[in-house]
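Please find the structures below.
After this come two complexes, each holding subunit A, first together with subunit B and then together with subunit C.
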Partner chain A sequence: MKRPVVWLAGALAVLAAIPFVFGPLHTNLMVRLAIEALFAVSLNLLLSYTGLLSFGHALYFGVGAYGAALILTHLQGIPILVAVLLSALAAALVGLVLSPLLVRVRATAFTMLTLAFGQLMFVLCSKFREVTGGEDGIMGWTTPPLALPGLFSLDLRQPVNIYFFAVGLACLGILAMWFFTKTPMGSVMISIRDNQKRVDYLGYQVVLTKAVIFCFSGFFAGLAGAVYAVFNNLVSVGGVLHIMVSFQPLMAILVGGIGTFFGPILGSGLLLLLEEVTQAYPELALMISGVIFILVVMFLPGGAISFGARLRAWWRKRAYLRKARESEA
Partner chain B sequence: MRVLQRTIWWGVAATVLLGVTLGTGPAQAAGAARGFNASAVADMTGFDPAKFENPSGDVVKIGVLAPFSGDAASVGQIYWATGTWVASDINRRGGITVDGKKKKIALIKGDTMGKPANTKQAVEKLCLQDKVDVLWGTAGSHLTAIIQAEADKYKKLHLNSGSLSDTLMEGKAFTPYTFQHIWTTHSVGATLAKFFATRQERKFYILNQDYVFGHELAESFKAGLKKYVPDAQIVGEDFHPLFNKDFAPYLTKVKASGAEMIFTGDWIPDSSNLLKQSRQMGINLPVAGIFLDDINGLIAVGPEGSKGLVFASELLINFQDGIQHKWHEAWKTWAAPYNTPLYEWLGSTTGAYAESLYWLLDAMERAGSADAEKVIKVWEGDEWTGLIGQKLTMRACDHRVVRDTYVTEFVSPNKWYKDCAFMDKITTIPAEFVTLPQPKDSSRCK
Partner chain C sequence: MNVLQTKGLSHHFKGLQVLFGVDLQVRQGEHHAIIGPNGAGKTTLFNVITGTYRPTGGQVVFKGQDVTGLAPYKLARKGLGRSFQITSTFEKQTVFQNIRMGVMSRRGIRFDFWRRVAGMDGVTRETEEILAGIGLVAERDVLACELSYGKHRALEVSMALSTDPDLVMLDEPTAGMSKEETHATVELIKRLTKGKTMVMVEHDMDVVFSLADRITVLYYGAILASGTPDVIRDDQRVRDAYLGDMEFSHAF
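For the complex of A and B:
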């Protein structure tokens, strides 16, 4: 059997076993990891692959989350997958609407514009209490089961069921983004990051490509938001549109490894682990995570994913120097 | 004759024994009424919330849901100071008798960070991992709604000591596992309106936090004014985000409105920041509120800045003996962050939190179990005497407390603090004027 297939089978077996080995608390933790990893990878498409730093990615996450909350509250009986996909499409639509403005700017201007749009949505949702519930948010809707008529019906309030639902969607989403980076359009995306002018001169549609990327990235951020809404049975402006929601995946990318595809997943896991460990010391939690972030940026700029490679390089260098010393002696 | 004498002696002996047994718990049989007994409070010498350690062994676990980090971390400190006080007091008295044996009280923190998602996670951890018997919290009605839903899901007893919204215990939101000890927005509105009916102020500016509690409180205050002060005017109304940093835009509007009084339901840190910034801007209008007992904030504006504030509460402790004396003496040795004037005396907020816990533990002891279903049976309809000797009734059908409420105007000098104005005379508003009517949509209340 080929090695990647063995790895994949092993990973799937571990994922399938988690809810049965660990209790509901840790199963819920894995659901959060799935949501945050999906969200971080969607931002990573912009940051690592297109070279665009967004401070407003919570916009798409929030639209997805509010979309799911509103659909499930007002459209009784809608299948859960339809609700989630419609919410993700709403986020993609927001990406499409904003793209005429966003595609024309780069660097700091792009970052500031995304920040502005993110904050605009935050304020709008805070003020339209009648629709969004404002600071209180929307909660308490009846989540329909994940069902195929005549085959199965899974109650998503059960930790095991929501786990498979969230992890399944996250895996599919991440896989779709992985394949996207391997397509010709994915190559154009990387080229835009490296030299946008040259790509333009070569005749590629930079503006159109960027617009597609915004929609694609927005779709998966919205999907993460929709799963968040289903999992928490609660959506509030502070929880899904706050500026810190935009910074969370950014932190995951930087801690996990910028410029890599899987770094953000690792980063999300590490941040979640850190949050769990520091939970016992809530007064110190923010300080501890701040110090760790500074240490990673200073001493491990490639992120945690580069740790193995750096260790191997250090080990090789050490062995080489020892050999050199021995041969000199 | 000898039989009669023997019967009387046995009767006397049994009564004494019963009294002694009950007297070792959080409350004792003082006459016929159940309630808090200040003289039973343990010697609290050496107690310090910063150095509280949980007892080991078979304990009653209380999960404390509060913001222990973030913008409202000071609220978490208030919960912790009060919770550890009650737990230490009960533990020094040997604990409470549940399941046939004495059990001490352990407290476990659940950090809500003041955010909905974190609140849900904290509850899950307390219920699934720490396996607490009781959830106790929290500031923010939107967060309490989440705790209520989770308490119902995990069938855990939930004591709400910090969220006032009327709607929390109504309609679909009601759960038999939650008891709302704190007064409600309706009561606040009615209390202050009834108080202002006897005063000169007629132009009010409402400035509240922009979430369910702030909006409900504004409506309650307006309804109260309409009923008790029909000639009063609302000259302006604003809602600001929670944990707001800049009140200048709102205060500028207040100044221009010609208001005679600012009405706010803000809790710390917002209440103190609002007060400080208004004084810094030269706006010395009196403020009427329900969380103005942040002494550190009052000291920051000094006696002149805090004079004339109107403070309403469900509990005003206007004596310095009993539990108040023991708290004050213990406070003298407390370490940071509890060594500030905010904790010098058992205040309205700390007092009400403590009262709610004492009552819960008393109900638990009388139920003889920490099991939620058994405690619910005892607590529903329970009549209890509170910290200042007032009558409290836990209304059976909606789990809300029927009680008198209190209003005071801060004056300087006073017997409490030399660096700020504080309470002196207290006006009592009888329960009949301020009690929230029973919800009409509840089948339990018919």
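For the complex of A and C:
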């Protein structure tokens, strides 16, 4: 129990120091990382823990983002945290509404169905101009400060403040999901991934459990979307509902390490770093990330997070072989 | 008293009739074996009883309640546990985690996401007791897929029992085992099902005669004979049905 506490305290201290050590540019990069990581971990709950590949997770991200944009535009004076939580709840609700259909299918059929729902929402939001602003999206609302009346008031347009807002929410969300995987229901979730039939015959309700997982995953994807909206002060179909928004966290999971909890966070960081490095050559960026993706899938199927273990195994093997050769000689 | 009773149970797959009005009776506390040549409908009978398929005709009565066509998870909660002919465990999880799933279900811990499962001392203790009972303590933290075949099968059978069911149904518990493994599994089943009601499908006649108090012979989807092992052994119709089946004739 002692060691994790030390780790956690260390990580929190580093996170708290970042905005004061780095400039606003890199602080903003960390905000994007927080959003991406939260989003990727919520998708990973489906992919690595329930064994379901979703091609439409942007649906929840988009609902959260549009929810926050609409609430902040039309309900002036609402506390920012309430707005963000309501948006995340809206995404969870979408998960609940779709779950009667989603729980019925598995494997490829599930993937295709999520793709269809994701694209459906994209088209709906493009066409429903009166509410969503169509292609232009929603922008220009005034984001209220993060405030407790009489105690403090933080202007979220300040990089430092939005940083703590985004990173704080992302940490809480990721921690909640991590805890979820450790609970009895988390065990049921993992067991559904491994053998749905057996879970059924042991007396667990597979369908209802999956529905709860969809809500849960949708909630945190929506939370990420809402933070995105607050951070960018702009929500458009291209930015939050496009199919690439669904693929981005999928890439992060595969590059970071599928089947692990923290891999997607590492993957999000690596992809963002790559994007920054190749920023000067935008036409090359996609190609480079594509090549890296292929290389990881082919040569490091466990993702970047498995790199250390692979290196250690290789080193041990080398040492063993050297010893064997010496004893032979 | 009958724990399980089927009344005129019949089933067909897209026109292929597999069960023709089966009246099976399983009494409280007995160890009941269902035998029959290949294709007699033994596994189908198992599947319509345990909720895999809804039977196309007839009734399943479990503990006095009509449970025909009830979903597997509902039957499991009513106290019916089953194992599978093809080993069906959580292969990427440890033996401990496999059994713990049964223990959690037994205690009704299902939609619980505000406590850590590792912190539930009662569940952990009970799981470890079961592991001790089935002799897999040394394999506690081994992944199920890394177990030897015999031990993996033993885990399969133990999972059916881990929910503490009133009736346990074992589908060919010793399928594919070596002689030594079969012997060990028979001893394990004997020990674990003491005082419990058990129904099993089995091909190995040595296993059947060392475990069963009563035997039902299924032949082309209907019950040919039902009775104590001695009665079945001497039944001429059973002998005729099995004529030419080396394994069976050998057992007599």
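Basically, the second predicted complex is superposed on the first by the 328 of 329 C-alpha atoms of A that agree within 3 Å, B and C clash if a C-alpha of one lies under 4 Å from a C-alpha of the other, contacts with A are read in each partner's own complex, and residues count from 1 in each chain.
Definition applied: a residue touches a chain if its C-beta (ideal position, glycine included) is under 8 Å from a C-beta of that chain, and two chains touch if they have at least 3 such contacts.
Every value quoted in this text rests on a predicted model; they were computed, and no experiment measured them.
The superposed arrangement places subunit B and subunit C next to each other on subunit A without a clash.
Once chain A of one complex is fitted onto chain A of the other, the partner contacts of A:Glu135 are limited to subunit B, with no touch recorded for subunit C.
By the document's definition of touching, neither partner reaches A:Pro79: not subunit B, not subunit C. When both complexes are overlaid on chain A, the residue A:Phe179 reaches subunit C alone and has no touch with subunit B. In the superposition on chain A, no contact is made by A:Gly302 with either subunit B or subunit C. Of the two partner chains placed around the shared chain by superposition, subunit B is the only one that A:Gly23 touches, whereas subunit C remains out of contact. Residue contacts after overlaying the shared chain place A:Gly239 against subunit B, while subunit C stays out of touching range. Of the two partner chains, subunit C is the only one that A:Ser187 touches; subunit B does not reach it. Residue contacts after overlaying the shared chain place A:Tyr204 against subunit C, while subunit B stays out of touching range. Taking every C-alpha of subunit B against every C-alpha of subunit C after the fit on chain A, the minimum distance is 36 Å. Remark: subunit C residues 50, 71-73, 76-77, 81-82, 84, 88-93, 97, 100-102, 104-105, 109-118, 120, 159, 162-163 touch subunit A in the complex.
Residues 179-180, 182-188, 190-191, 194-195, 197-206, 208-209, 212 of subunit A touch subunit C in their complex. Across the complex, subunit B is touched by residues 23-25, 28, 32, 126, 129, 134-137, 139-140, 232-234, 236, 238-239, 279, 282-283, 285-286 of subunit A.
Taken in their complex, subunit B has these residues touching subunit A: 68-70, 73, 76, 109, 111, 113, 115-117, 120-121, 124-125, 128-129, 141-142, 145-146, 149, 172-173, 209-212, 215, 241-242.
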